[in-house]
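This report refers to the structure that appears directly beneath it.
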Amino acid sequence: MSLLEVSGLGIAFGGLMAVNDVSFAVKPGEIVSVIGPNGAGKTTLFNMISGIYRPGRGAVRLNGEDVTGEAPHRLAEKGLSRTFQNLQIFQEMTVLDNVLAGYHLQERGPIWADLLSLPSMRRRATIARDGARALLERVRLDKTEGQQAGSLSYGSLKRLEIARALALNPKILLLDEPAAGCNAVETEEIDHLITELAGSGIAILLVEHDMKLVMRISSHIIVLDHGEKIAEGDPATVSRDPQVIAAYLGAGQEEEAEC
Amino acid sequence: MLTVEGLRSRYGRIEVLHGIDLEVKSGEIVTVVGANGAGKTTLLKCLSGTQPVSDGRIVFRGESLNSVPAHRRLAHGLAQSPEGRQIFTNLTVEENLRLGAYLHSDERVDRDMTEAFALFPILREKRNLAAGGLSGGQQQMLAIARALMGRPSCLLLDEPSMGLAPLLVAQIFEVVTELKNRDVTVLLVEQNAYGALRIADRGYVMETGHIIISGPAAELIADPRIREAYLGL
Amino acid sequence: MAGRRKWLQLGVLAALIVLLPLFFPSGYYYRVGALIFVNALSVVGLVILIGYAGQISLGHAGFAGIGAYACALAPQHLGLHPGLAMLLGALISGVVALLIGRPILRLKGYYLAVATLGFGILMSMVLTNERALTGGPDGMSVEDLGLRAMLRELGWRLSGGEMWYGVSGIALLIGAWVALNLLDSPSGRAMRALHGSEIAASTVGIDIARQKLRAFVISAVYASIAGSLLALQNGFITPDVAGFMHSIEMVTMAVLGGVGSVFGGILGAAILTFLPQLLTVFAEYEQLVLGAVMILVMIFLPQGLLPSIGRRIGRKGE
Amino acid sequence: MDALLQFIFSGVTVGAVYALVALGFTIIYNASDVVNFAQGEFVMLGGMITVFAHQAGLPLALAAVLAIIVTAAIGVALNKLAIEPARGAPVVSVIIITIGASILIRGATQLIFDKQLHRFPAFSGDDPIRVMGATILPQSLWVTGGALVVFAGLWLFFTRTLTGKAVLATANNRIAAQLVGINTGAIMTLSFGLSAAIGALAGVLITPITLVSYDVGVALALKGFAAAMLGGMGNPKGALVGGLMLGLLEALTAGYLSSQYKDAVAFIVILAVLFVMPQGIFGKSSTERV
Amino acid sequence: EIRLGASVSASGPAAFLGDPEGKTLEMMVELINEAGGINGEEIALTLYDDGGDPNKARTFATRLVEDDEVVAIIGGSTTGTTMSILDVAEDEGIPFISLAGAISIIDPVREYVFKTPHTDRMACEKIFADMQEQGISKIGMISGTDGFGASMQAQCKEVAGDHGIEILADETYGPQDADMTPQLTRIRDTEGVQAVLNPGFGQGPAIVTRNVAQLGFEIPLYQSHGVASNAFIELTGKEAAEGVRLPGTALLIGDLLSEDDPQYQVVTDYIAAYKAKYDQDPSTFAGYAHDAMALMTDAIARAGGEDPSAIRDALEQTSGFVGTTGTYTFTPEDHLGLDQSAFRMLEITDGGWKQVD
């Protein structure tokens, strides 16, 4: 059964249909990519799925349950986690605290336990802390754990966001341009990370302009243009689609792929 | 045209540029590549004056820029398309572009704007909308277009291809080449090192606040160290 | 690790409270000390609201007013012991905060500021205008807590000043302990997270409305208890306690000291409480000096006294 | 009927006073996101300096001009001496600076001048103008006219001039503003000078009605702030409409409901409006994408 | 050296009261010391500005007693600050003369607490008596919501019935309001109102008076002693102020007093000294401070020492002491010691004062 099911999703800003009648599904362990020109509506689609925008029409189903328009924190409770194209970092908090925030659902407890620092709270916090450190190590930020997050470089922040998203222990992970700002070598690391996650059964929904990455790891690709789905299929099919080449990939694609 | 000597810069007590020497000759495209956190952005911020320099000299067209405040540097001919785009989110697209030409008030401003719209037609479509509502890639285009509106003689681009669709990435690199033909000097920081080196005349490689390798772009592409560490080949 | 640091900080505070009286030249300093502690208590509440959760309030004196008048009214009309009245006041403040917090906390920044300001003004207006109940602008007297008499029976002879110094000092210690607990707890982290980015906070599962409300209610209870202590200590109360100026004063103390830090808040309260006493020698120039001090502190220590100084010494400010 | 008209006259008069203060807030806010709590002191200074210059023998008009210039200079000095040195400080810290400045200005005024109430004659006499059984003082028309003129000026400034846009850009993103060549320091100076001048002008216009003393600033700033928020901070239209609405609300409540709770009613309406429109009536929500 | 303490509201919303009070206290101490002090001892005055904040007032009271070790306290410009100081004075057994109006300060009588101003109730009675004489029985009231206005409002409403006065309209305004025409329109439109009474201080009464003129009221306007000063006429303008009636003390009409008036000497001396030093007329409130200081120094002189309780006893024995406000006679049952005769009914004519009773 599909973990995430999107049907007929649409939203308008002013007169503009930013996303129009988009449907697809993602199964556990699958990597589905959404590609398309700038302004095609990819981020907007993510924002609707993750509850930041309320869809104008259509439905989002998570694990078979209709979750259309639910608040982001409710969706997080149901196993959905994401990163942002425009970084959303807790700048003033330390790197470790950023990841710990991702553990909120696992470490939260009754408020009086927090106020009075009851042992139960400390136990939960310790577990979260250990988990967070392991995650930081995984994205190679363990050395910076005590630094203020605002002092990291752009690329490091991108990785921090991924670590935080993983802290939720999600069933489905939405990644919005995770490789932006990373060089080829760094992108490869992200490639491995995503594949590994999918291997462990997490469903991945990916937006990315790095075609090398997309073509290599996606099991399924959805192409958006002007808010509409213009093509979908496996990487090979999509990259040969003339409409996709015209709207998005361009003719220079082969050359790019060769380097 | 632009010479940097022994440039050092720090955030608080932590120094992140440890003496950078770099030169950009008039009409050149020079690219700087390096891993996350190497200090590329910091270098560009020092050049545009938005990050204090703790030691070293920045000389632009024979004049020292060290004591020139950020807002005067565009008048000297130095424009930047910064990391994170830094557009005026509450103003419209058109207002953003108009402010890019803040120092100018002749009729060429309108022409420049038409040119910018020709370059990125989507911006014309969205000219009266708040820039904050643009998609990530559209904002990136706006940032580049705004920098061009200042009619720089030297353009600093911090990862201009970030977030752009493949078609546009190619287009950006074309634009940069085109600028060169118009005698605009370009200092390009890129993660798409391969693309950047291909259009550049020369390149620098940065690592943890130092320049470790420099040379003609073609040589760098061929350099096995670079191929492995930055091009992923 | 964080735990040890917390106890160290609390230990220093406790030691200060206990040892300072050794240097007091006269009983008047007990009074000033007690005032500092009471102000600090409400400021610690604001540190939770403003510093942790990033929500501004220009109306917190309204809660101090509730606490103060609960102590004045409940013993008179309900025959409640003043100590219980204080708890009742805290309860009412909490409930009021819960009720108004829900709609108000949807607002952001200055809009939140003006809404809380409105609440504070409504509170002080009711206290001023309902003369029959509250004595109006002239105020009303507050029943004695009876603690001093009790202590005397136990053979502990304290002056009013000494006793209130002790009581407020203990209240502040407890308040600071709770606030520090919160800081390094899941809830505290959630509050600080939503301060940084509400969108990111909600996508990691933080119910931001709920966390804001928690911070608001907790800080309201702090302000209320501080108001009660002030009323009991003074034995007399006027609507000034709920007034706009008092709200501003509280926020100023918090920001001056360093709004992200509990001990910064306490320091801010200490300075702004003690400074006017010091400035009496300048008489006419008092306002001038006070204004100048505020400006200079913010210019040279923009993060507030404690965090900025902490940063300068090289350690992270709390 | 004539009672209603009288209430409206009163509301417009008081509302115009609030609007003038609120308009003063907009420039500094638009340039820096800071609500300048010393704005009320600018209004007070406008009144006080005029009073004393007039007493010293200057003709009223000249005294008023002098007051506006001196106050503008004080505004610039505030920026240079207190706001600029604190560059990079968080917004709350800057707000505390403005509160400190307000205390300081009040303290200085009370020392240099005095603590008494003052008034100078109305510009066009005190003979009330009668309209259908209600009366309004000529000075009220001056105040209302002043508010309209300042509004129109600001509106044109922000929508039609490049400098106006530069002010907005400075608040929106100071670094980016510098990158496009805007001298953000000069913009701040300009903003403080202009805001102070508008405040002083307000003080000159309203003193014959409201009287002035060294401590009238706080209450004015408070009401002006509330009015600006009601209308939507930063928008001249919001300042004008918010001010007038607040004035009318108070007057109508005092006239028809209860004079005791008129401020309360005003604030309840503000809360209700914000509940429906969290950015005030004309405020725009900032567009920040994720 | 005799240490005296004072806490007045020289700044803040009650600066109106506290500022001239503080000035008077300082001036008098200077004069007394120049004249050789009390029983040969100089007075050292410690004066604090509590800003009208009761909390501060209490702190300063504590400070005066514990730190400055004064033998007596004068002050408390407002009822709120007085009530805060009063506790400390009673606790520590320090004689205290308050400068605030409320009757609750001396009723019930407290051992160490005295006051010099008339009570608000007395002012109301004086006004109503005059109204009665003028054949006025139905009035509209408009009061400030500050302490002074609110207390007057409450007291006047309480005693109105005793004078056959009916209050048909009861309006208020905030201390910083800019226009009172809505409230006044309501009063004007109330059937049968024969006069308007406006207790308050600060700019409120001036604005009310101007609004009354603007609206063209044809019924008399009564103000309270809260505005009894020449500045009031300046603020409202001569035309608007014409015909306004209010109860005031001898202080206000110093130049009108006949030389055989018992208060003539003390009033003219005080006015002359104050004017010479501050280049202003002293207000009624300044007079309260004058009387408090005069009473206190007189008592200290009679007590012949610095023992607070002796000073208290001497204060309580004060009899027939002529001040600027009136003639004081304290008894164990009466710590105010003034009677109605201290007030004089005044009317503003031609921009000046005229006694009308």
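Letters A, B, C, D and E mark the chains in the order given here, with residues in each chain numbered from 1 onward.
Criterion: a contact is a pair of C-beta atoms (placed from the backbone, for glycine too) under 8 Å apart; a residue touches a chain by one contact, two chains touch by 3 or more.
As the structure is a prediction and not an experimental result, all values here were calculated from the model.
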- Determine the set of chains touching chain B that also touch chain D. A
- Item | Farthest chain relative to chain D (centres taken as mean CA coordinates) | A
- Query: CA centre of chain A versus CA centre of chain E: separation in Å?
  - Reply: 73
- Between chain C and chain D, tell me the centre distance in angstrom, where each centre is the average of that chain's C-alpha atoms. 31
- Return the distance between the CA-based centres of chain A and chain D, expressed in whole Å. 47
- Message: Residues touching two or more other chains, restricted to chain C: which are they?
- Response: 129, 199, 286-287
- Got the chain D residues that touch at least 2 other chains? 110, 260, 263, 288-290
- Query: Of all the residues in chain E, which ones touch at least 2 other chains?
  - Reply: 11, 145
- Task: Return all touching chain pairs.
- Result: A-B, A-C, A-D, B-D, C-D, C-E, D-E
- Task: Sort out for me which residues of chain D touch chain E in the complex.
- Result: 3, 6-7, 9-11, 13-14, 17, 110, 115-119, 121, 126, 128, 135, 137, 206, 209-211, 213, 215-216, 219-220, 251-252, 254-255, 259-260, 262-263
- Query: Okay, in this complex, where on chain E does chain C touch?
  - Reply: 11, 47-49, 52-56, 58-59, 62-63, 65-67, 78-80, 83-84, 87, 91, 102, 104, 145-147, 150-151, 154
- Query: Can you list the chain E residues touching chain D in their complex?
  - Reply: 11-13, 15, 19, 142, 145, 171-179, 181-183, 185-186, 189, 202-203, 206-207, 210, 213-216, 231, 234-235, 237, 239-240, 280
- Note on the structure: chain A residues touching chain D in their complex are 43, 47, 52, 84-86, 88
- Task: Show which residues of chain A lie in contact with chain C when the two form their complex.
- Result: 50-52, 71-73, 75-77, 81-82, 84, 88-93, 97, 100-105, 107-109, 111, 113-117, 121-122, 124-125, 128, 164-165, 167-168
